[in-house]
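Got a structure for you, written out below as structure tokens; questions coming shortly.
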Amino acid sequence: MFFASDNWAGAHPEIAAGLAASAAGFSTAYGDGDLDRAVYQRFSEIFEHEVAVFFVATGTAANSLSLAAYNKTGGISLCHRESHVVEDECGAPEFFTGGSRLLPVDGALGRIDAKKLEQALQRLTPEFVHTGRPAAITITQSTETGTVYGLDAISEISALAKRHGLPLHMDGARFANALVSLDTTPAEMTWKRGVDILSFGGTKNGCWCAEAVVLFDLDKARELAFLRKRSAQLFSKSRFIAAQFDAYFKDGLWLETARHSNAMAARLAAVMERAPSARLAWQPQANEVFAILKKTNAEKAQMAGAAFYDWHKPAGFTGPIADDEALYRFVTSFATTERDVDALGKLLAG
Amino acid sequence: MFFASDNWAGAHPEIAAGLAASAAGFSTAYGDGDLDRAVYQRFSEIFEHEVAVFFVATGTAANSLSLAAYNKTGGISLCHRESHVVEDECGAPEFFTGGSRLLPVDGALGRIDAKKLEQALQRLTPEFVHTGRPAAITITQSTETGTVYGLDAISEISALAKRHGLPLHMDGARFANALVSLDTTPAEMTWKRGVDILSFGGTKNGCWCAEAVVLFDLDKARELAFLRKRSAQLFSKSRFIAAQFDAYFKDGLWLETARHSNAMAARLAAVMERAPSARLAWQPQANEVFAILKKTNAEKAQMAGAAFYDWHKPAGFTGPIADDEALYRFVTSFATTERDVDALGKLLAG
Amino acid sequence: MFFASDNWAGAHPEIAAGLAASAAGFSTAYGDGDLDRAVYQRFSEIFEHEVAVFFVATGTAANSLSLAAYNKTGGISLCHRESHVVEDECGAPEFFTGGSRLLPVDGALGRIDAKKLEQALQRLTPEFVHTGRPAAITITQSTETGTVYGLDAISEISALAKRHGLPLHMDGARFANALVSLDTTPAEMTWKRGVDILSFGGTKNGCWCAEAVVLFDLDKARELAFLRKRSAQLFSKSRFIAAQFDAYFKDGLWLETARHSNAMAARLAAVMERAPSARLAWQPQANEVFAILKKTNAEKAQMAGAAFYDWHKPAGFTGPIADDEALYRFVTSFATTERDVDALGKLLAG
Amino acid sequence: MFFASDNWAGAHPEIAAGLAASAAGFSTAYGDGDLDRAVYQRFSEIFEHEVAVFFVATGTAANSLSLAAYNKTGGISLCHRESHVVEDECGAPEFFTGGSRLLPVDGALGRIDAKKLEQALQRLTPEFVHTGRPAAITITQSTETGTVYGLDAISEISALAKRHGLPLHMDGARFANALVSLDTTPAEMTWKRGVDILSFGGTKNGCWCAEAVVLFDLDKARELAFLRKRSAQLFSKSRFIAAQFDAYFKDGLWLETARHSNAMAARLAAVMERAPSARLAWQPQANEVFAILKKTNAEKAQMAGAAFYDWHKPAGFTGPIADDEALYRFVTSFATTERDVDALGKLLAG
């Protein structure tokens, strides 16, 4: 019963097979091979937009390079207070941008509050050297708390970004989970709603290691090529990423794994709602479930082999947590089975 | 006939199979899984020394993080004038060290000349803030020109390093090729000769993507963990690297692929020596062959499907090159066949 | 009537004279001259502690170098949400530290709230590479809102710092104003209360340009020497700073100018309290007065030649501000006269 | 007898007086005061070109910011092998540019050899991410060895720079000494010959601390403003620099001090040529004299109170130096007197 993170799973069998099938033969290195190019083209089709695609090693790299591509001297990127860029990347975005700042903005359950964002932007004066100047806005879809920005919420933030002359970045480490949750298209969830640059994650949804920066604004492509190489993120045998994405997109595998993962989260939420010693902290919208458990129950379940973590109370969560309780996170993935969910349910039921 | 680079090959069948075999099941992320730990242990056995191992995405990352681990404010790392760190990494070592400098030192055919190194070190005064201060020495084994440092040459440089209180880094992107060329042990070629930190490359020798920093000096391990994460080089599904190294080391596969690769280079050298329109620029010691061809012959061969690059004349190469000739590099790998070599030979002959 | 900032004044006549008197003759450059050394010694006497002193060009440099001296990879320095380091230095602290983060902590009227600081520290886990790790705590004395930390408040924060193994930095751009406000000694306000490193400012209190990093922890001195040079902050004719500090300290001039400046602020506060169209936002404790004025009155005064700025409402200020009112800042200095203050009072009254 | 460096002198009496005269009164801070603006205007007149002027703390800052203004990701700036940027700035240029590289180019006696520069440029391929890409060329006028680029030599290098699409920076720490040596105008020695950005030094020629970046290409002005602030180089009481430059330019004082300084160097050269135990290493063209002395004689002179340093043999100097001899540098300044020179001559004569 592994609910610690979706990155505890391995690779989906189709992806493992696709990779193995590409092992033989020679190919131009550094992202210029035939399979690389075919996959770039596939991205353009999927997004219904000509895009530039840059494979990188990690989601942290995709986020950091995205912010670096739009950085300015004294730059400030506005993000949610509990976003991955600010809480889980060891300062990589600041490092990749040569010291630019992440300005945390409030908002309930992992989503930036547009009014708070507007206030934060108004406090910054782009022409005033002392404060530094806004460089980008970044949102996470789906968020760190398993919620999802609705399409209108994305539009609202991108309208604000445009008004202030700023690019909008989307951290899509769990892009597919949000996409199927909203039942929309990649185009609708990104450039049609004003997203300029996207961290597109495949790793958490069934790949071994398949992350990419997707640029809708091709003017930045050349700069990104140098940024990526300088940060040691340019793979030589790049097709090992391409082969994973090739299998990922084939016959909609990526949507299928995301749907499965979300369905497992929904099933787990239902389990939590029924369990006498647990209660759902808020409704999951993607593949992460947050629940309040008695600490003793949680420990018992962990000792019985269930892997999951306790979690900080996010901004916007006001529900009471008793002294003998704590908040816990459960993440599902393509590899989670109904049996796993039900076994966890039984454990928690006692 | 692919001789452009050893990174044009894909993955060795055993490595592809090993990776596929590890796809199922769950594992702790970020390098703490069982397979990760088993592979770290394997490194310690192979090097006959307790080592700390850090998987990273690229050889450039391994080199840059190694130099960053030993960096000082105003630091200067001494390297060969034509080394990969200075000529092929787009400034990544400087970026990872926050702006420290690579000081190029001369030497014939890719190997640092110990006397020149001594002169360069004497010009630097470690206690003088104006010049900056020496931080590390880095050598490449095998070198960018397909030569190999003998064990005594490594000792000579490390003795110099110790005398100046500096750590010695080895860029081992082609470590295995040098190892079998010298017919020695990993321990003999590294810490027994004074190497403190090693970039250990598996990618060019049959893996998809398997690079590691190997630390003999465990005091730096904690710092390296933060440096790696901050540079977005910490893989979540880390076992996909571990699985490759596991297969790489199994039954000495890595030595076998390196021996094959070197043997193909030797065969190619013999072909060059026989070819009327070609001549060997110098004797290869690993898996790279440099030869002087008539430009028209080279172009004909390239048009007939042979992939290889022309190359800068390295320091120390004094042989004449006529106006209608140029210097070319041919790299062999685990995937190079005798048939490929002989086919190239025929092309060049005819 | 110049109340825009204490850096709108020039140099105190004694300091100007001291500088002029040092113009002739030769002296070792780069901080090693006789006058430099005499002044370093003077600092040690004034602080009753052996200190290492580093002259730098600006307060921003002093702060940024102080944080850099204690930085770690993935480092996080905790500061007040509205501190100068985070709001007025264009990202210099992040730049000097190679991308480390400033984590804003709440607190009323410019002073960090120790409880909020404790909470922020508990959210960080020093051994966990993902979040990064705490590197330093920095406080401002006197603060950006003209308030002063009491000695016990400094002790409370430094105790917290020690408990978490962190150094405590004090931004003393207005050190003298706080010192005379508390009627204490430099030693009591710094190392005796747990301060490890201090940005000591002379510029705002009567010098042209006299800023220094004062290190109580001599182990960091060597590193700071390299950090300063690498950031282009090492003056060649260093004695031009030394001469200013020499005059600054002579016969307690620095305390006299600070007392005068604070007295002018107190006088201005009294004026505000009496003025029908103005009210004091909070009691000043140093040389900055914050008042709420009708916007039309403020504009009239500005058009009549009074220089002062409107200001953001700081955290902890809850007083109502009507729609036709705004918050304004008035800064006094050694050069402010009673006549200036009274003239401003008349303008605002009328 | 102080010949150690021109920065061992203090301030010229006229400059000291000008500074003292500006001490009273209030002025807008951060470079926007009336005197600041008047001095910027004066620069435009002197250079017969609209320029943007940025006061900074040190020559190292001026150089580093100049290179940062034109930097690119993976950027490489080409400089003379023994230039100040590469040998005396502790890595500040690399730090300010976020890790870009200085590529050393050969040339006799401190001047870049245009042919060697062309070769170095041809080895770099601007569109190839691996090598990085050329960002700027920087020359020093007068050079570190007291020589001067002739106007045609500047044109030759700037033509090369233009052909490769690169900006040309001039390190003018000793700008005035070169200017009067060539008996030309500031315009002729800079933008009319293709210089895009200049480090203009006043400190070594009679100021306390007066360095500026002078931009002929106004498009970079906004970026430089942020770069300067972020590197903590924006003075608050900026007029203390303005007042020095005001006096410096008044009635051609700066040309007069430079002429005096050069004349003292010429006198010293003549002394060397006459001294039996000394010989001139090469003819000085500005205010630095290099001579070969018997070590025992040099030590005797130093013990008798003459301050001067021994020096590395520069590239292009082929003259023999016996084992009991060494190369020494003697620098003159506005404060050097004929008496000093003659006294040194006597000492060396024995």
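For clarity, chains are labelled A, B, C and D in written order, and residue numbers in each chain start from 1.
Basically, a residue touches a chain if its C-beta (ideal position, glycine included) is under 8 Å from a C-beta of that chain, and two chains touch if they have at least 3 such contacts.
Remember, it's a predicted structure, so these values are computed and weren't measured experimentally.
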item: Path length in steps (a step moves to a chain that is touched) from chain B to chain D; value: 1
item: Farthest chain (mean CA position) relative to chain D; value: A
item: Chain copies touching (chain A, chain B) - same or different residues, decided at half shared; value: same
item: Distance between chain centroids, defined by C-alpha means - chain A, chain D (Å); value: 51
item: Whole-Å gap between the CA centroids of chain C and chain D; value: 34
item: Where chain D touches two or more other chains at once, by residue number; value: 73-74, 89-91, 95-96, 98-99, 129-130, 132, 226, 229-230, 234
item: Chain contact graph, described as a line, ring, star, complete graph or other shape; value: complete
item: Complex interface listing, chain C residues touching chain A; value: 73-76, 87-91, 94-102, 104, 123, 129-132, 312
item: Footprint of chain D on chain A - complex, ascending; value: 72-74, 98-99, 129-130, 132-133, 223, 225-230, 234
item: For the chain C and chain D complex, residues of the former touching the latter; value: 2, 4-5, 7-13, 15-17, 19-20, 22-29, 56-61, 64, 89-92, 95-96, 203-204, 208-209, 226, 229-237, 239-240, 307, 335
